[in-house]
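Shared chain: subunit A. Partners: subunit B in the first complex, subunit C in the second.
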Partner chain A sequence: MAGQLRATLRATPTLLRVGVAETLAYRVEFVIWMLTTTLPLIMLGLWTSVAAQKPFANFGQREFVAYYVGALIVRNLTGSWVVWQLGDEIRRGMLSFRLLRPVHPFITYAATHISSVPMRGLVALPFAVILLFSTAGDLLITDPVLIGVLVVALLGAWLLTFFMLVMIGSVGLFVDKASAVFEVYLGIFAVLSGYLIPLALLPEWAQSIARWAPFRYMLAFPVELAIGFYHDRTDVLRDLGLQWLWVTAVIGAALAVWRAGIRRYEAFGS
Partner chain B sequence: MTSLTRYGRLLGVQLRASLATSMQYRVDFVIEGAMSIWWLGWNLVPLLILYDQRDDVAGWNFPSALLVIAWFTVLRGLMEGAINPSLIGVVEKIRTGEFDYLLLKPADAQFLVSTTRFEPWNLVDIAGGIGLAVAAFVMLGSAPAPGDVLLGLILLFAAAMVLYSLWILIVSASFWVVRLDNLAYLFSAVFDAARWPIQVFRGVWRILFTLVIPLALMTTYPAMAMLGRLEARTALAALGGALVFAAISRFLWRAAIKSYTSASS
Partner chain C sequence: MIRVDDLVKTFRVHRRPAGLGAALRSIFHRKYEIVRAVDGVSFRIERGERVGFLGPNGAGKTTTLKVLSGLLHPTSGAAEVDGFEPRRREPAFLKGITLVMGQKNQLLWDLPAAETYALNRALFDVPRDEYRETLAELSALLDLENLSTKPTRQLSLGERMKCELAAALLHRPKTLFLDEPTIGLDVSMQVAIREFIRSYNQRYEATVLLTSHYMQDVTALCPRIIVIDKGHLIYDGDLRALVRKVHPNKLVSFTMTGAIGPAELERLGDVVSSEGGRIVLRVPQDRLRDLVSHALANLPVVDLSVEDPPVEDIMRELFRPGSAPEAASRAEAEAS
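Here is the complex of A and B:
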């Protein structure tokens, strides 16, 4: 166990370097891929013209701009393609090579994805600049404590998204159609995470589902925190606690699905 | 004329082959159909939220906006059922070199490439879209005039042509940059905006969705035609635009084929 931990720690810098090199090698594709997250911009166009004459619920144009640009940035930073990667490697049997390495596959996958974050940040940067210097910039939080919490919340959102997708990808070890599961997930995620519409605009009952479901903590929570939708620090701490509860639960679930799946996969491959 | 009947027969053969392939996966058929119905309802969420608080957005009330979504659903069914399954396969063929055999066949390559695969379960989408359109007219309380329906259908044909041409452009691009799945995803993401009437968007978005990626032509114009709101001039311009688009894509496809030097060389 200790030996494995040491091996993992020693391998990590190299894994990260390889990841960065890979991202740079496929930069055009990478940028096209990032451009695919246009949905917040389309929704932004829609809602700002709806809110042009009078505010919609509590949302004026300024709030919509802040919300959707924020959502775009968070989505860009936390996005992950591990479902496709896993599906592809399972289908083509490449997973066997990964299993031979002395480092847990979750670590090698995570390294690839973490090393794409700087490049992702670069793509998100222009949007951050727009957000800062538009009128919506006034909404951003300035309290240093909250900014610290925001960093932790973003990390939580990243972990939650990554392991949720690893879990869904691992379902591919059992069934051929993991992509169908993923599509259903995407649909539910779009509504309950606040990606499509700010959660505050959903009907009451849907909001209370969203509050307890994990999806909100992947996107809406950091966004709402950053643009000052929280008025009470205790609310922020409560939601942060919920987020990390979900993070632990989902990591546990992903590990369980993975372990059960690998046992099957080995039996199937040999 | 003989070549037309020949291509008609070829199309029949390809359709039958696709149908036979998909009948092997009967469970998929049921699952995909059920998913389509579920998505149909789920996709209405933003519309319901928006019209819960407003009666009218940019001149569109709820039933007429529903009609736009109906056209969007029909068109997406057409795209996912008849246009993009074949064309996504082309990339794989270019990469593996199988495309060379296709070029040797004594029929037009673009025709062969476009008809290799159909996914019949998307008929559920098309039926769902028609259902939404009927619901929209029931809510409006008036049936559309026959002439307007005809114009709507003609524009739907134009819309399908534009959509197809856009896909051919994407495939042509893949002769130069081999990985196209990303471009395809990008297009699908942008196409999603077509579920909203074009008048809802302003400024850059409006120009982009009218002229560059003509989403307006695909869903808003057919819906307006059925509501009897489309000016004859706009309809003609849309049809002309669709023809120009088709011509450009055909031209670029030919150029792409000419510069194609096969995977091995």
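Here is the complex of A and C:
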């Protein structure tokens, strides 16, 4: 077990390097995919118009700019297309090749997706950072402890998103197409993660659901943390704890669905 | 060593007729059928053997290979490869085998094959020195020069299969499961791949289990064949013994400078064809010596050859409804 772990660690730099090469090879698709994550900019345009006259539920124009640009950045850093990748590989029987390699497919998928983060940063972040600093820079947190928590929260958001999508993609091992499940997920995610509108603008009952559901910890939590919406460190740590509880639960659930799906794959083939 | 004992693999298959009505009915009431893809197959393969795995489409060949490589779990029975139970897919097992599927490829589609090699080196934890040495050997054997740096999508089918083999063998597996490795390739590429498989087998004393629809792959590479049909093993043994038993006659071809009458030909054997000066006769084994002596002594023969019937004919005969088990079991009994 320890030997296998060491072998996996030795493989990681090459996995990441090949992942970067793949990202660069699919550069056009990559840019198009990135454009699909620009919904926050559209929402930003709408809400800043609404807030031009007077603040809406304590959100002025600057808050909307900070929130949606923050959402764009977090979405770019944590987004993943593993659902499509898994679905495609299951349908074409290519998953077999991953299963024949002595490293768990979760690790090889994760390496591919982590590798794309620097490229996404290169393309998306300068634009977003300039926009953020030029209009709402003073809202950003400067406390080193909170910045440290933000890094952990971003890692948590990445893991939560990745494994949630792996779990949904693994449903493709049971049903012909997992895309229908993904469509349902996307709708719920858009509302309860704060991707569509800031959670503070939702009705009280919806906010209660959002507070306990995992989606908020994929996006709104790191965004709200970064733009200084938290006034109390205790609240930050409580939400960080909840986020990592969800990370643990979703990794466990993804592994369970995957294992059950692979048992079925082994029973029925591709 | 590969050991397969009474292996059974069944699949539940959804069946429905064509048409909208049937499609709607199938939403509420699905009909399933249990298909026995592999049904009680047993065999042993010793280290370093090259074995051809033959059978018509749907016979259960690929299913067996997938069970042996750990991708499918047996419904019942046992499979063992080099002391490992494949279904567990332990890292040490995976490092000792490879599965090449001619109709699927593991190469990263938009990247040069060299990137897949690097990836496999890392995943199989091959030391860099050994990797460089193996890659150099494989490049020489497969003539990979200039191929590994082209994106996979720009390679021809044959070039892709060469790179596919290299990617599959970089970790120097001792057991090769090759499922149609020459499918769709032109004749010269088929020959190149065959020669490569033979030299890899000899160099590393690797066990090879090969399926192919090209009989020449099997006749050129595999002294032993295993034939399955509808999931049942119907023959396991020497290819020539099977040929002798299923078709005990030889094909004798003459080229002659002069014509001979039909009656004379009929007396010599069954006429398969007679065009110009070239005549092909089917002759029982025990009459072969007399016939050849007679022809050389009494007929204007300028060329003569004796051949077994094509293996394709043997397979056609073997898989003809009602004929397979009897013919094969006769051959198997004779061979053993």
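Note that in this section the second predicted complex is superposed on the first by the 265 of 270 C-alpha atoms of A that agree within 3 Å, B and C clash if a C-alpha of one lies under 4 Å from a C-alpha of the other, contacts with A are read in each partner's own complex, and residues count from 1 in each chain.
Throughout what follows, contacts are C-beta pairs under 8 Å (C-beta built on N, C-alpha and C of every residue); 3 or more make two chains touch, one makes a residue touch a chain.
Quick caveat, the model's predicted, so the values are computed rather than measured.
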Inset, instruction - Give one of first, second, both or neither to describe whether A:Glu183 is in contact with subunit B, with subunit C, with both, or with none. - result: first
Inset, instruction - Considering only the touch criterion stated at the top, classify A:Arg10 as touching first (subunit B), second (subunit C), both, or neither. - result: second
Legend entry - Which superposed partner A:Val191 touches (first subunit B, second subunit C, both, neither): first
Inset, instruction - Examine A:Thr36 and indicate which partner it touches, taking first as subunit B and second as subunit C; both and neither are also allowed. - result: first
Legend entry - First, second, both or neither for A:Ala21, with subunit B first and subunit C second: second
Inset, instruction - Considering only the touch criterion stated at the top, classify A:Ser96 as touching first (subunit B), second (subunit C), both, or neither. - result: second
Legend entry - Which superposed partner A:Ile209 touches (first subunit B, second subunit C, both, neither): neither
Legend entry - Touching partner for A:Leu245 - first (subunit B), second (subunit C), both, neither: neither
Legend entry - Overlap of the subunit B and subunit C footprints on subunit A, listed as residue numbers: none
Inset, instruction - Give every residue of subunit B touching subunit A within the complex, in rising order. - result: 28, 31, 35, 39, 42, 45-46, 49-50, 53-54, 57-58, 177, 179, 182-183, 185-186, 189-190, 192-193, 196, 200-203, 205
Legend entry - Residues of subunit C touching subunit A in the complex: 11-12, 63, 66, 69-73, 87, 89, 91, 94-95, 97-99, 101, 104, 106, 108, 110-111, 115, 118-125, 151
Legend entry - subunit B-touching residues of subunit A, taken from the complex the two chains share: 28-29, 32-33, 35-39, 42-43, 45-46, 48-50, 52, 56-57, 177, 180, 183-184, 187, 191, 196-197, 201-203
Legend entry - In the complex with subunit C, residue positions of subunit A that touch it: 4, 7, 10-11, 13-15, 17-18, 21-22, 25-26, 92-94, 96-97, 99-103, 108, 263, 265-269
